[in-house]
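Presented sequentially are two complexes of chain A, the first with chain B as partner and the second with chain C.
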Partner chain A sequence: MTRRQLMRHAGWFGGAVVLSVAGGEVISHIADHHDQVAAAAASDPNALRFVQVSDSHIGFDGPANTDVTGSFEHALDRINSLGFRPDFVMHTGDLTHLSTPAQFDQVKQMLSTARTERVFVVPGEHDAVGDGGRAYLRTFGANTSGDGWYSFDTHGVHFLALVNTLSLEKAGHLGPEQIDFVRKDLAAVKPDTPVVVFSHIPLFAMYPQWGWSTDDALQVIAMLRRFSSVTCLNGHVHQLFTKTEGNITFHSATTTAYPLPAPGHAPAPTPQVLPARQLEDALGIRTVAYREGDQALALKEERLT
Partner chain B sequence: MNVALAIRLAVVATVAESGYVHAKLYVDGYRSIPHIGPLFLLQAAVSFALAALLLFGAPPILQLAAAGTALGALGGFLLSRTVGVWGFTERGFQPHPDALLSVLSEIATLVLIATLWTYLRRRRPPSRAA
Partner chain C sequence: MRSYARKTRSGAVALALAGAFGLLSACGGAGGGKAGGGLQAPPGGSLAGMPGATGSASPSMPGMDMPTPSGRAGGGTQAPPVAGNAVVIKGFAFAPAALTVKAGAKVTWTNKDSDAHTVTSQGSGGPLNSAAMNTGDTFSYTFAKPGTYRYLCTIHPFMTATVTVTP
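And then the complex of A and B:
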C-alpha cells in the first residue's frame, strides 16, 4: 500500500468515526427528548396519571417468593411514594393465587391503602380457581357487565377493561357476549380518542403454547383499528414485553409476586427461583401518563428494588 | 447515471434504512435493554455515517464496513431468535414491521455490495503484467 492510499483510507476511516460519534449524539439527544416529554407528562398535574400493578398472587407460598404479601405491600408503598397521586390504580389480574374468600378480602383491603382516586381490577385465571370467578365477582364485580367487563372515560381517554380468564371453555377467551359489548361500547367513541384496553391474558399471541394469547381477540383488534392510538396493557406473563401492530401497542407488565421464564425458555411457565437479592429486580409496577393532545401514552416501569 | 453510481446510491438507501430502523427502536424503548440498547445505538450511528460517506464514494474500506455492519445486524437478529443475546430474545419478525424491514435492508445491502464489487472488478483495466 502506498502512502497516498494509506492517507486516503485513514481519511475515510476518520470520517466514519467522526460521523458515527455525531450521529450517536443526535440519536441520544432525540431519545433524551423523548424521555423529557414522558417526564413532563408525568409531572403535569393536569395530565392523566395512573398505575398498573399485576399478578400479586396473594396466597402463593413457594420458594420463588416466600413473602408475596410483603412484595405487594412494597408495591403499594411505591405507589404511595411516587410524588403524585395517581388518578387510578389498575390491577390486571391474578390478585389472589387460589381465589379463597380470605385471599380476596386481604387483597381488597391492601388495595384500599393505595393513595388514589379509584382502584380498578380485571380478573386473572387464578381469581377463578374452583368457582368460575364467583368469589371474584362478589368482591369486585360491582358496576360491571357480564362476567365483570366494563368501560370508562377520563381525561379524554376511553378505557376498556376486558375479562379473558373466566370462560368455562378455556383461558384466553373473550366470548361473543363480551365482544358484542365491545362493539356497542366502541361505536360511540370518536376515532381520534386514545383507547386503552386492560386484560389479564395478552390480547396478542405472545406465546400460545403456554396459553399466553386470547383465541378470539382478533375480533376486538379489528374494531380497534379505526382509532388513531390504542394501548393494550396486560399481565399474566410476569415480564415486560412490548409489541406494536400498526396503531396498536401491546405492553405486558411484570408482577409483584415472582418471575416466569421467557417464552420457550423452560418446559412450562412455572415460577422461577432467582438468586438472593435478584427477585426485587424482576418485580415492579408501571406508571402511565397522558396529556390531552399528545399522540401516545408515556409508560415508565418502576422496579421494586 | 452510470451503473456503479446507481448501485452505490441503492446501498446508501439500504444502509440508511437499516440505521433508521435501529435508531427508531432505540428511541422507542430498546435503549432501556442492557447491552442491546447501546448496540442498537452503535449500529444506527455507524449506518448513518456510512450512508453519508457512501454518497461521496465507495472505496473498499467503506464497502467492507457497510457489509460488516449489515452482517453484524443480521447476526444479532439470528442470535436473538435462537440462543439469545445477553439473555435478550425475540420471536420471528417482531417487532413488526421493523424487524422485517431491517433484515430486508441488510440482505439488500450485502447483495448490492457484492454486485458493486463484481461490477467494478470486471471494469478494472487488465494489468500489463506478462
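And then the complex of A and C:
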C-alpha cells in the first residue's frame, strides 16, 4: 500500500470514527487515526477549512454571561489566530438576542473582522423576534432565496444553508417552499459529492419538548439519503452533541454566549450560570477540515479557555 | 491498486462497525470532485454571505436600514401589575396558564426569566403583539371584548397560554 493509499485509508477510518462516537473500544482505538487525519487535513493548505460559530446572542445580559460581546470577540480572536485563513466562517444563528437594529449592526460589524474569504450566516429564532425575520433579511439576506436560504460549493463539497426559525408558531420548521428549493438544488448534485447542511435548530429530534427539533425535516432527510456522506451542522442547543442516522451525521455546536442544560436535565432550557472559568470551558468554536477524496469531514472543537 | 484499497476499507468497516451505517456504497475511491477551492454560487445565482476581513484592517460595512421596532398592541409597558390581572413568565411558562378577567381589564405580563420572551396572539389578527421582553420587562394589554385569547412566545412556541375575557 502506498503512502497515499494509506492516508486515504486512514481518512476513511477518520470518517468512521466521526460517525460512531458512541462506539466501544475498537472504535475509540481508531480515534487515534482520526486525530491524525484531522490534523493532517487541518494543516493541508489545499484542504477545505472552515469555522462554525453559533449563538452569540449579542444583546443578552444576564448572570449566565454578563459580557457576551467580550465572549464573541474572544471567539473572533480565536478564529484570527488559528494559524490559517479559513475558507469561510459560518455563524449558525442567534446572532442577536432580541433582533434589534443595533444588535444586528453590532454583530455584522464584529463578523466583518473575521479574517476569512467569506462570512455566511443563518438566522436563529432570536434573530426573528417581533418581525418574522425582516430585519435579519435586510442585514444578511443578500443573494439568498426565499426567506434567506441558499447553497454554494467549494473544494468539491456542496453546502446548503437552511432557515428553520422564521415560523412564528413552530420553532424548527422549514416549510414547503424551502423543501422544494432543496429538492431542486440537490437534483444536480452527484451522490458521491459530500453534502454539508447548516441550520440553526437541529434537523434531528434532539429534544422536541424544548423546541430542539424541526417538525418537517424528514422530508429533507429523505432527499439526503442518496448521498454517500452528509454532515448536518446546527446551533440552538448551546452544547456539543453528535448523532448518526445512516449516512447522515448531525453535530450540534456549542455557543459563544452561555450554556443550556442537557436535554431533560432541567425543568426548562434556562441559561446556565457557571463560575467564570467553567463558562469559558462551555463556550467554543468549531473548525472543520476536508480534503477531496476523504470520506468525511474532520471536526475539531476548540474551547474559549 | 484501487481495488486493493477498496477491499481493505470494506473489510475494516465490517470489523469495526458491523455495518452500522451505510457508507460501503461510497467506497469508490476519491470521486470526481471539482479541483481546487473557491466559493461558488449555484448556476445562475450569486454568492450569499459577505466578505470577511483581509489582514488586520477591517473593511467598512455598508449602511443598514434602521427599522423601527414593531408596534405594540394595546397599552404601554410602564404600568405596574394589577393584582389578579397579572401573568408572570417564569421557568419558560406563563403563570397562570389560563387567566380569566372581566371585559375592560388590563392584564400585565412580567418576564422573570433570564431568557427573553414574547406575548403574541396565536393565529393571525390577534391583538397581543409584544416586543421582545428581556428580564424584568413588562407588557400590558386592555381586553375590551369578551372571548378567549390564545397566545404564545414566538421565541419558544411551546410556551402557550390563554386569557378568557368575560362580559
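Keep this in mind: the second predicted complex is superposed on the first by the 272 of 305 C-alpha atoms of A that agree within 3 Å, B and C clash if a C-alpha of one lies under 4 Å from a C-alpha of the other, contacts with A are read in each partner's own complex, and residues count from 1 in each chain.
Basically, a contact is a pair of C-beta atoms (placed from the backbone, for glycine too) under 8 Å apart; a residue touches a chain by one contact, two chains touch by 3 or more.
Worth saying up front: this structure is predicted, and the values here are computed from it rather than measured.
Q: If we overlay the two complexes on their shared chain A, which of chain B and chain C does A:Lys190 touch? Say first, second, both or neither.
A: A:Lys190 sits against chain C, while chain B stays out of touch.
Q: After superposition on the shared chain, which partner residues are touched by A:Trp210: those of chain B (first), chain C (second), both, or neither?
A: second
Q: Determine, under the contact definition given at the top, whether A:His265 touches first (chain B), second (chain C), both, or neither.
A: first
Q: Where does A:Gly70 make contact in the superposed view: on chain B (first), on chain C (second), on both, or on neither?
A: So A:Gly70 meets neither chain B nor chain C here.
Q: Classify the contacts of A:Thr242 with the two partner chains as first (chain B alone), second (chain C alone), both, or neither.
A: first
Q: Counting touched residues of chain A, say whether chain B or chain C comes out ahead.
A: C
Q: Overlap of the chain B and chain C footprints on chain A, residue-wise?
A: On chain A, the overlap between the chain B and chain C contacts is residues 8-9, 12-13, 15-16, 19-20, 23, 27, 30, 244.
Q: Using the touch rule from the top, collect the residues of chain B that touch chain A in their complex.
A: It is residues 19, 23, 26-29, 31-32, 41-42, 44-46, 48-50, 52-53, 57, 59, 61-62, 65, 87, 89, 91, 94-96 of chain B that touch chain A.
Q: Under the definition above, what is the set of chain C residues touching chain A in their complex?
A: For this pair, the touching residues of chain C are 1, 4-5, 8-9, 12-13, 15-17, 20-23, 25-43, 45-56, 58-59, 61, 64-67, 69-70, 91-93, 113-116, 118, 120, 122, 129, 131-132, 134-135, 152, 154-158.
Q: List the residues on chain A that touch chain B in their complex, please.
A: 8-9, 12-13, 15-24, 27-28, 30-31, 34, 207, 242-245, 262-265, 301
Q: Using the touch rule from the top, collect the residues of chain A that touch chain C in their complex.
A: Going by the criterion above, the answer is residues 1-2, 5, 8-9, 12-13, 15-16, 19-20, 23, 26-27, 30, 46, 48, 60-64, 80, 87-89, 97-101, 104-105, 108-109, 111-121, 125-126, 128-131, 134-135, 138-140, 142-145, 150-157, 161, 168-171, 185, 188, 190, 192-193, 209-211, 228-229, 244, 246-247, 267-271, 292-293, 295.
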